[in-house]
Amino acid sequence: MSRRRDNYETSRWLRFKKWVDGETDPLSSGMDAIPVVTEGQMRERRKNLALRKAYDEELTRLSAEHADKTEIMKARGIRNFQKFYKVMSVILCLAIISVLLWTIAALPVTGGADNPANNEVAARYIEKGLQETGAVNIVTGMILDYRAFDTFGESCVLFIASCCVLVLLRLDADSKNDNIKKMIAESDDRHFEPKDDIILQKCACVLVPVIMIFGIYIVLNGHLSPGGGFSGGAVLGSGLILYLNAYGYKKMSRLFTEKVYRRTTLCALTFYCLAKSYSFFTGANHLESGIPTGTPGAILSSGLILPLNICVGLVVACTMYAFYTLFRKGGM
Amino acid sequence: MSFVQNFPFFSIILAMFSGIISSVLSGKKARNLSLVMIAVTTALSAGTLLFCLRTGESYPYMMGHFPAPWGNEIRAGILEGVTAVFFGVVMFLAVLGGLDHTAEDVEENKLNLFYIMIDLMLSSLLALVYTNDLFTAYVFVEINTIAGCGLIMIRQKGRSMSAAIRYMIMSQLGSGLFLIGLSILYDITGHLLMSPAKESVAALAASGAYRIPMLVIMAVVGVGLAIKSGLYPFHYWIPDTYGYATPTASAVLSGLVSKGYIFLLIKIFYRVLGYDNLVSSQMVNVLYVFGITGMVMGSLHAIHETDTRRMTAYSSVAQIGYIYMGIGLGTQYGMVAAVFHIFTHSATKALLFISAVGLYEASGDKKDYVSLRGAGYRNPLAGIGFTVGSLSMVGFPMLSGFISKLLFATSALESPHKMLPTLIVLAVSTTLNAVYFLRLVITLYSRRRPEDAPIPEVKVRSSWHLRLAILCFIAVNLVLGMWSQPIVQAIADGLAMFG
Amino acid sequence: MEGNMILLLPMVCPVAAGIVVLAGKMFRKDRKYLTGVSVMVLVLEFALTLWAVMSGGSLTMLRLTERLTLGLGVDEVSRLFAVLTASVWLLVGIYSVAYMSHEEEEHRFFGYYLIVVGVLMGLNFSANLITLYVFYELMTLTSLPLVLHERSKEAVRAGLKYLFYSVAGAFLALFGIFFLAGVSESLTFTAGGVLNDGALAGKEGLLLISAFCMIVGFGAKAGMFPLHGWLPTAHPVAPACASAVLSGLITKAGVLAIIRVVYYVIGADRLRGTWVQNGWILLTLLTVFMGSMLAYREPVMKKRLAYSTVSQVSYVLFGLSMLNQTAFVGALSHVVFHSVIKHALFLTAGAVIVTTGWTRVEQMRGLGQVMPKTLACYTIAALALIGIPPASGFVSKWYLASGALSSGTGVWSWAGPAVLLVSALLTAGYLLPLTIQGYFPGHDFKGEEIQKRKLAGKEPSLWMLAPIGVLAAAALLFGCFPGSLISMLQSIAASVL
Amino acid sequence: MIQHLSLNIEETVAVILFGVGFTILLLHRNLIKKIMGMNIMDTATYLFLASKGYITGRAVPIVVDGVQEVSAYINPVPSGLVLTGIVVSVSTTALMLSLTIRLYERYHSLDLDEILILAKEEEQT
């Protein structure tokens, strides 16, 4: 008789025999499916993380403090992984760059007048843009008339992003959740900000009107000169932010509250949506839109482009300001 | 021009407009508006579909006064119509089924923001389906991404927020690649609208110019959209994202968002890059390999998962692998199968996420196997819904999953080199699916053991909307499984229209 | 829906009745109502099956895709399986009326019991491979609650195992179906095969692989090695009547599927002499021998019978794998005989459990004092299974052995019969001890337990005894007058080979 | 190749920046740096587009003195695309930053790995 082997329980023969007997159960172990991550593993992971951080600071100190060999080994392992990670990052980066370089080496030379991109599309925008859209600024004419659907989508991107930021950062004062109340109290940093800073106020006093007027100028002349709704709106927004910083929320709230923000955005976007729907609809159905393009070069010209620029300017200004206030204190 | 032809445009604008309006409405009103809007949109899409089926032609629709290649355009055909109707139905049922949980998970005064996300999500999906312009596609991909991120993090728990930022990071990587691909494409063709771009691509391919940039464009656009739709090696964000969002969001994200990107990819392949160029460039083979790896690896991950929602999420990885495998087969039939699987998977996965809600309700909101023991008795309809969904995923006959597997297999027979691996991986992955889905189904119907923790307050009856949604989803699955013929035919016709 | 709608009746009627039983509240309380309705439905089912079998014809139910339809049809094989199913199901149904009074949640058992017979009828009448597959999967799912009936931890594990083996097998088969769908005009069953030579060119190797996958896959249901494991696990936990049909009829569904695939889709000629045939024969012989050995060693009665099923169903598969007329006749007749005999044996085991609670063979010493009539029926069935003339098992084994000897498969043509013979001896070894110990417990047997519990002469009720008696009588009579059955089988064999 | 790259110097710089930004966004652990990476990547794309629209010796596409010849102005399309793209990247940056703020308030860390572990832990307790 041969001696019974110690690992008989796990031997292949036994497994085969169990299979033949119909006793193996392919799922017996997985049936209950108890969560595998135990407390201990969790702690282990935390420790690894801590070690990694500690390593980032100083490995030598660590090895002096933790005489335990395994700990150091682990730290070394992590360090090696760190190194490996960094090397791999660089390699990946180089790989992407080299593929793209390889590509652009085969692309047409920059600045060439005969490049494929300079085709009949661009030609028509330049040659007939003024007559068809009424805008002197061809780029504005293009984005607000020829390719207006893209631009409408882009306003919606801004709109939905501001909604997302609202979801994340707005803290409602009337919320019943204690957690949120605490967060409101924490995030209210108005105690720390300089109150009635005279230099800032005086500067703002001079600058804000100029900035605002400049912003309005950019918005209104979007179809005549460089600029337009987006750039003008950003300037307006920065004017509002400067005013807020100088005079504080209290004064600002006389002019601009969340209600104002919402209504402005709503009205601007609604007008934008309706106006563009009208022009899409008439265009697709080959109807006359009946909107005069006016004299090129005059302020009141180029059909819908001016009102659309104003709408976009309002939306952008409001959104920029809203981003700022939400980031500052979670509300307006 | 028939009035019906305006419907695609109306549906996109309607969805956007109700999103804009919702910003000043109360949560409840926004919810009702959203439901009505989705229903109307679906009806409009159905009108478009009927129109296209009757005329048997697709048509471009100018967004403005200028024809291609100068102005923006959208384009409607049979495939677009079918997809839009289907997305609308799934969206409606997902929102309907998750109403209660949405109300629980979202702070009351932010509820309207949730529905803004839903509205804009639908509008961007429709725009992705209908678009005929590459840059429009990019803009709406971004709307889709941000709305998706919003849907995830609106449940302001630690895990859903960390999932959201991961989702955002991966999506931005994808968008970045997509955008640089578009830029290179614009540089060598000079067009952003799909139809003229296709002509110049065909001319370039015929002349053999710019071969390397074309190759890189295919790779970059393909990989970019693959990252966004969660193809296997880029799937890390999926389980957290689907696992910790509110149920409606999980259903919408897994059922529709990733499918929107895949649909866009198919559209770009057909309408811009030219499917033949793609096949000859070996790009399809890369997608094929990723696809079949995903089919197996996703299922293996799912088997090890103990949280049932994460398990369902991992199974999405496997199912996305199926779709890419179909695209990668490089045959017309394979593409039909892939598109059909898009429908199958969105209907089934949404059903699983929504009916799981009923089961969790009956198990004290626990999501692990042990707590779910016997949940099928505590909430019978949800149990049936989950069982039907699981069986469909496993590929049980009479349900939609079987038809898509059948289509994959028959199309695999046409490509000699890929036949054997496809059939083997199909069989292996089906068995693996069976392991984890049927294990859960049996768990649902087994008796609770005395040592199990007692269930705190069992909610016996789910609300009527949840039950209605589950029933409708089951019906959709059965319809796809039993009367698939006209749908498959429509897909084939629609793909033929893509040219 | 076009064609002979009568074919639908045997399928729809019990399924509808089953759903009503499951859903209806009154069936949960009133036992009489429940059992009455169930037995009546089963009688009706029997009549409907006969009607459908007589009327013949075919029916197209649904078009899944252009080429793949769900359709029903009647041919000789489906006649055989349908009548067998309906009659045995009725007998076991009558038996369950008494048996299930000892179990909980009867309405669920009867509900699913009725549904399964409807699904089985669909399986028997399937006109093409897709329909067969659909009903095969449905059968797995609907019969699962019968295994799970107790809902204990063991039952759940057994159910899971049953499900996993069946599903894994079915998907192996699905692989083959996908392939066959591509190389045939339609998958409608036609004697001699439907494959298209043109489409098949260059794919012969794959055809063989897929044929082997399908045989192993469907073989899971028939308990063929290596996917036999579910049988010994599922049977002991299920109620005796459920294990009876599981082992007597559900395993035959696997056999039916293999017959359909090999003889009606692929065609026997394509497999003759290939590695598939050799591998298949090897697997069946291994299973025959292994099943008998395991049964011989097994002390628990129901488990022993389960192993015996593993071995006996592989007799059938062995006959099929010979790809020759005589062996084919033997295989099909063994389907009938084994089904009848195994039901009788399992029902006896169930009767013993209900009356005395004994499950292990050594407990059953002196059983002859408790239930002599039942034990007599058992003995007849056991003798029939061993193959002692004139009982039925002898006839089928005779055909199997002589078919094997004339099959021209080289070494297998004599190794096969040898294994069958050894296995028959082992069969005697594991079945007869119960009879011997039961009637002749020996001098040292005092029968204390029998006296203490007043078990002597306590036959089971007539509801249980009658079906056992009928089945045992059938097992005997089939052996005495096999003529008409054999001639019918021979005509089938001539058509497919 | 090198010569071609030196002619296309803007694109060369753009794709190098793109690669750097992509890698940072993908692999850096710090959330703020990830966001910076994203911005570098986006800006690189805009640089690429803008340089593609440029034609040597031509003016910005704003009609001056009624001159409407193609040879007078650069290609207006890329400029429009860059405009749209900038707004998109502003939006995503704002969203990512606000997510970072919330996560930092919650976990007092900017390390994404650590945040994920802490979030997991928080859920289990």
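For clarity, chains are labelled A, B, C and D in written order, and residue numbers in each chain start from 1.
Everything below uses one rule, namely that a contact is a pair of C-beta atoms (placed from the backbone, for glycine too) under 8 Å apart; a residue touches a chain by one contact, two chains touch by 3 or more.
This is a predicted model, so every value here is computed, not measured.
Looking only at C-beta pairs in contact, point me to the busier pair out of B-D and A-D.
Counting C-beta pairs in contact for B-D and A-D gives the edge to A-D.
Can you name the chain that lies farthest from subunit C, using the mean of each chain's Cα atoms as its centre?
D
Averaging over Cα atoms per chain, report the distance between subunit C and subunit D in Å.
68
Mind checking the centre-to-centre distance between subunit B and subunit D? Centres are C-alpha means, answer in whole Å.
A distance of 27 Å separates the two centres.
Report, in whole Å, the distance between the mean C-alpha point of subunit A and the mean C-alpha point of subunit D.
11
What's the distance between the Cα centroids of subunit A and subunit B, rounded to whole Å?
Each chain's C-alpha centroid was found; their separation is 23 Å.
Two or more other chains in contact with one residue: find those residues in subunit D.
15, 18, 22, 26, 52, 77-78, 84, 88, 91-92, 95, 99, 102, 120
Provide the list of subunit A residues touching at least two other chains, using ranges where the numbers run on.
Residues 26-27, 31, 100, 102-104, 107, 115, 117-118, 121-122, 125, 147, 150, 154, 157, 160-161, 164, 168 of subunit A touch two or more partner chains.
Could you check subunit B for residues that touch two or more other chains and list them?
135, 139, 142, 146, 149, 153, 156, 161, 180, 186-187, 435, 439
Can you list the subunit C residues touching subunit B in their complex?
Going by the criterion above, the answer is residues 62-66, 68, 130, 133-134, 137-138, 141, 148, 151-153, 156, 159-160, 163-164, 167-168, 171-172, 174-175, 178-179, 181-183, 206, 213.
Give the list of subunit B residues in touch with subunit C in this complex.
Touch list, subunit B to subunit C: 391, 394-398, 403, 405-407, 409-410, 412-413, 419-420, 423-424, 426-427, 430-431, 434-435, 438-439, 442, 445-447, 449, 482, 484-485, 488.
Considering the complex alone, what residue numbers of subunit B touch subunit D?
The touching residues are 135, 139, 142, 145-146, 149, 153, 156-159, 161-162, 164-166, 168-169, 172-173, 176-177, 179-180, 183, 186-187, 192.
Within the complex, which stretch of subunit A touches subunit B?
The contact residues of subunit A facing subunit B are 26-27, 30-36, 99-100, 102-104, 106-108, 115-122, 124-125, 132, 145-150, 152-154, 156-157, 159-161, 163-164, 166-168, 170, 172, 175, 177, 262-263, 265-266, 269-270, 273, 277, 279-286, 289.
Mind listing the subunit B positions that touch subunit A in their complex?
Subunit B residues touching subunit A: 1, 5-6, 9, 13, 16-17, 19-21, 23-24, 61-66, 69-72, 74, 107, 109-110, 113-114, 116-117, 120, 123, 127, 133, 135-136, 139-140, 142-143, 146-147, 149-150, 153-154, 156, 161, 180, 184, 186-191, 200, 210-213, 216, 303-304, 306-307, 368-370, 435, 439, 443.
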